[in-house]
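Listed below are the structures to be examined.
What follows is a pair of complexes built around chain A, which joins chain B in one and chain C in the other.
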Partner chain A sequence: MIGHEKKLGWGFTAPALVWTLAFFVAPFLVMIAMSFANLEGRTLIWGVHLDNYIELANRPYLLRAVAVSMQITFIVTLASVVLAYPLAAIIAFRVPQHWQRFVLLLAILPFWTSYVIRSYAWLLVLAREGLVNQTLIHLGIIAEPITLANSRFATVTGFIHFFVMLLTLTIYANLVQLSPNYRLAARDLGANTFQIFRHVILPLSLPGIVTGAFLTFVLCIGDYVTPHILGGNNELTMPQVVMVQLGRRADFPLASAMAIVMMGFVTIAYLASARWLRLDRL
Partner chain B sequence: MTKLRYSLLAIAAMQLATTSVVAQELNALVWCDHADDALIKPFEEKHDVKVNLREYEGTGAALALLEQSRPGDWDVLVIDGIDVFRAVETGMLAPLPKNELPIEDMFTEVIMEENNSKDGTWYAVTEKFGYNTISYNSAKVDVKDMQDLATVWSDKYAGRISIYDYYLPVMGLAAISEGVTTANMDAASLKTIGPVLGQMRSSAASVAGVVAAQTALATGEVDIVVGGGEWLTAVLAEEQPEMTWTIPDQGAVRWTQSIGILSDSKQKELSLEFIKYITSPEGQARLATSACFWGMPANSKASDFMTDSQRAILRWDEQNKFLRRTQLYPAPNMDLDNAMQDLWLDKLSQ
Partner chain C sequence: MRTIFSWLYLILAFGFIYLPVVVLVLYSFQESGLPVPPFDGPSLKWYDDVLRDSDVTDALTHSLLVAVGSSVVAVIFGFLAAYGLARYTFSGSPFIRLLLIAPLTVSYLIVGLGLLIVLTRVGLGLSLVTAGIGHVVINLPLAFAIIFASMNAKQENAERAARDLGATEMRVIFFVTVPMLMPAIAAAFFLSVTLSWDEFIISFLLTRFDITLPVEIWSMLRSGLSPRLNAIGSVVFLISVAVVLILEFTVLRKRHL
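Then we have the complex of A and B:
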């Protein structure tokens, strides 16, 4: 009987395992091997060469790209958490239960449009003759249009618009699972609203925050579209530099080495957040 | 036999018939200007064939894709004129019958025998060309200033220019501004070009791809695009005639694209027919005014199939002058290409 259950278990998991091995593990191993290969002319020389990693350390623009990617990712993650938490808390605690689904639907409405179109829409909104500048001029706050598009500000704005919604969902999913009894018990014991938040709600909602923040970190550090469209190439991020290696040069070994370095940062982020990471809260 | 069985058999027969009707397919690896029904449909209808188009950006990406494909997967390749040799060196392109191509009708400067052929054998033929030069909003800048490259990226227009995001033509323009011909660019000339790129970069509001540069110009985000040209402003000109372009006094860079047959193609005759159509006056007129981007047709007889307005936007009557004043954009070997790309990325990220 146990043998039959085991077989059944393997039967159910086999498709997922095969899929993961074929489309994640195998390509990942190829990418690792590729990062140690060399490109001589159009010929790929397989082997264990550290040239690509040495190149990474020796080219200042690559180090700058790493720094820019990390700065943008940290700013976006932090700002998204700060903005998403109150929104999720209002939906979870203040909005009547039968309205919550509708409000969540409104929150994820921007996801219904294409990511690329949304980025170009932001470009128009932030342009010198766009909505933001015209409104500020109309209100007399500024006399001349200011540069908002094609900047780090634009990149961060585009990212935050996307990730606040993602974080709102993960934090909301966490908050609605908290029994109201925790808050009532804390209040009975004399805690004020801030103390309840600081000592009860926040620690209990940490898994939702960390899960959302981790997803934000992963998606943000690997994103090519938003910095490319909204940043105006005024700062290069890691994915942009990877794309340049592939576009004309087709230098897959160097591009793979850069991708491995990016994965290194993601791994560090994972290890730092593993204690609180609860993907089952999604 | 039941009615259901008859129906199923009828559906199967219809499917077989449909499959046999569109049995022949041509697979082409192209730039986005070929993905236009107005260009492709007439060929499909005439030859009763389905043309499958796959767009790509960057020769490296195309070559990598071809290397990873099975032999025979692809029939036709559109490639940057200066990169034909890269495909020829790897044996990817098949010889073309020169006598069946309208080379005699082409603008002399874009025949480019030295690029499209090797040891007397032709492997590709130029299909379209244009200029990487200065596009601008004539209502916002002093038009005279646009004739001098150094003034274009001087402090006078700081924050009002966008740089086209492709290092070869932009570095070519930088070289021309310093009196270095694009054909003579070498590692030593990068020392001259570097400071020019630095000045250009410090004056630029953005470094943008095609759509972003068009958007920036159309929305007033910038007034000048360095590296732009007819391909950038032609699609804007109808609604915003103040968007225009010029060739500065120092000259500008000329781009070309070529088309060839892949050596592993199993449909070489049909592929040749496709190339003959694309390089014919009718095909050239359609390619020149394609939805993705406009450019000059290589075949001068395409003029007969274009409207006065289309010719005016492309500055047809000034082509002889423009061709004389422009240089083919740099065609570096791999070492120089790497050095140029590093310099570009270095300046870009400053």
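Then we have the complex of A and C:
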């Protein structure tokens, strides 16, 4: 019976397991091996060479991409948390209970748009002839259109727009789980509004913040579309470098090494936030 | 005073969140050829133009095929794995659970890159099928997690009763487990469809001649701002929103009652 049970359990799990092994784990391992391979002319030489990683460390434009990606990711994660927290708190504490789900649904509806379309929409807003420039000229604030699109500012704006919605969701989910008794108890003990926020609400909502911030970090550092459409050609991020290596030179080894470096940063972010992460509660 | 401040913040936040969407949709009705102010519509000519373009309609069909196909596979495999892991205990099952969830923590670019390397090595041509394979990889963990999370003792008792009454394993699954888990299964399916429908980078890397809609839009982007892009973007957005609203007002609403 036990043997039979075991077989059935494996049997049901097998299709998903085989799929994940064949199309996720195996390609991932091949990619790691690829990052240690060498490209000589058009021929690929497998082996354990560190050339790709050495090249990453020595080519200024590759190192620059790592720095640009990290800067953008940190700015975006921080700004998104700061902007999303009040929004989530207002929906959780100020909006009448009956309307909360609806307001939340509305607040994150544009979240369900393709990166490509969302980035294009921001390009429209920020273009030289776009809405923001024309409005500012109309109001007499500026005389000439200013460059908003094709800049780091545009990339960051596009990212923040997306991640504010994501973080509002994770922080709201955390805040509504908090019993109002905590606040009432703190108030009875003489805490003012700021003290309640600083010493009661904020520490208790840390899992929601960290979970959302981690997802923001992972998605932001790995996105190719937003910086490519909105960022212009002045600076490249890590995913853009990966795509350049794939496209122009079909340099799979160097692209793989860059992807591994990206994974490394995600792993560091994971380890740093693991204590508060609640990925299973999403 | 604090309430006024709150409402002001709420309005500003909604303004920021909806600004690009409103601009996108509004200027899809532009009369002239540049989707920037001043607005000179409304006109439906760009919708007409886009829906007559066979490249666009083909891409739309491809996107629907890939989205539905990959979601069906992801949900079936995800359900079976959830059933196996929830109902049977066997050595290594906690590890398998972690393994099935693992693709969620890796960016789509890396999933696509790994598959691209392997597929080109093996010599398998890139097509809608290879893009679909990639979409199953990213949707399977979600489908599994959603369905696994909603499995509990309620269904297990009903299953045991059915088995005692002589039902075979197949019948138990089809007539007891699946109907009882329908909300979770439908939620997993619709979520998969939306994610696959909007997905760009894996489709971009893993398709060649037949492409999906986000990839088609990407190639249209090279010629700059155009009301055609606004029109097609609005259609894509509308379809995503429709799927999300169906999910919200049918499946999730019921689950919360």
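Here is the rule we use: the second predicted complex is superposed on the first by the 259 of 282 C-alpha atoms of A that agree within 3 Å, B and C clash if a C-alpha of one lies under 4 Å from a C-alpha of the other, contacts with A are read in each partner's own complex, and residues count from 1 in each chain.
Convention: a contact is a pair of C-beta atoms (placed from the backbone, for glycine too) under 8 Å apart; a residue touches a chain by one contact, two chains touch by 3 or more.
In this text the structure is predicted, and so the values were computed from the model without any measurement.
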| item | value |
| --- | --- |
| Clash-or-fit label for the pair chain B, chain C on chain A | clash |
| Touched partner set for A:H161, first chain B, second chain C, both or neither | second |
| First, second, both or neither for A:T20, with chain B first and chain C second | second |
| First, second, both or neither for A:G222, with chain B first and chain C second | second |
| Chain B versus chain C as contact partner of A:V244, first or second or both or neither | first |
| Chain B versus chain C as contact partner of A:E129, first or second or both or neither | both |
| Contact breadth on chain A, by residue count: chain C or chain B | C |
| Partner chain(s) touched by A:A255 [first = chain B, second = chain C, both, neither] | second |
| Which superposed partner A:A79 touches (first chain B, second chain C, both, neither) | neither |
| Which of chain B and chain C A:P60 touches, first, second, both or neither | first |
| Touched partner set for A:E235, first chain B, second chain C, both or neither | first |
| Shared contact residues on chain A - chain B and chain C | 120, 123-124, 127, 129-130, 229, 246, 252 |
| Residue ranges of chain A in contact with chain C within the complex | 5-6, 8-13, 15-17, 19-21, 23-28, 30-31, 34, 83, 86-87, 90-91, 94-95, 105-107, 109-110, 112-118, 120-125, 127, 129-131, 134, 161, 164-165, 218-219, 221-225, 229, 239, 242, 246, 252, 255-256, 259, 262-263, 266, 270, 279-280 |
| List of chain B residues in touch with chain A within their complex | 57-61, 63-64, 86, 89-90, 159, 162, 165, 205-209, 211-212, 215-216, 219-221, 334, 337-338, 341-342, 345-346, 348-349 |
| Interfacial residue positions of chain C with respect to chain A in the complex | 3, 6-7, 9-10, 13-14, 16-21, 23-24, 27, 34-37, 76-78, 80-81, 83-85, 87-91, 93, 96, 99-100, 102-111, 113-118, 121, 133-134, 136-137, 140, 144-145, 149, 169, 194, 197-201, 205, 214, 217-218, 221, 225, 229-230, 233, 236-237, 240-241, 243-244, 248 |
| Chain A - residues contacting chain B, complex | 41-42, 59-61, 64-65, 68, 120, 123-124, 127-130, 147, 149-150, 228-229, 232-236, 241, 244, 246-252 |
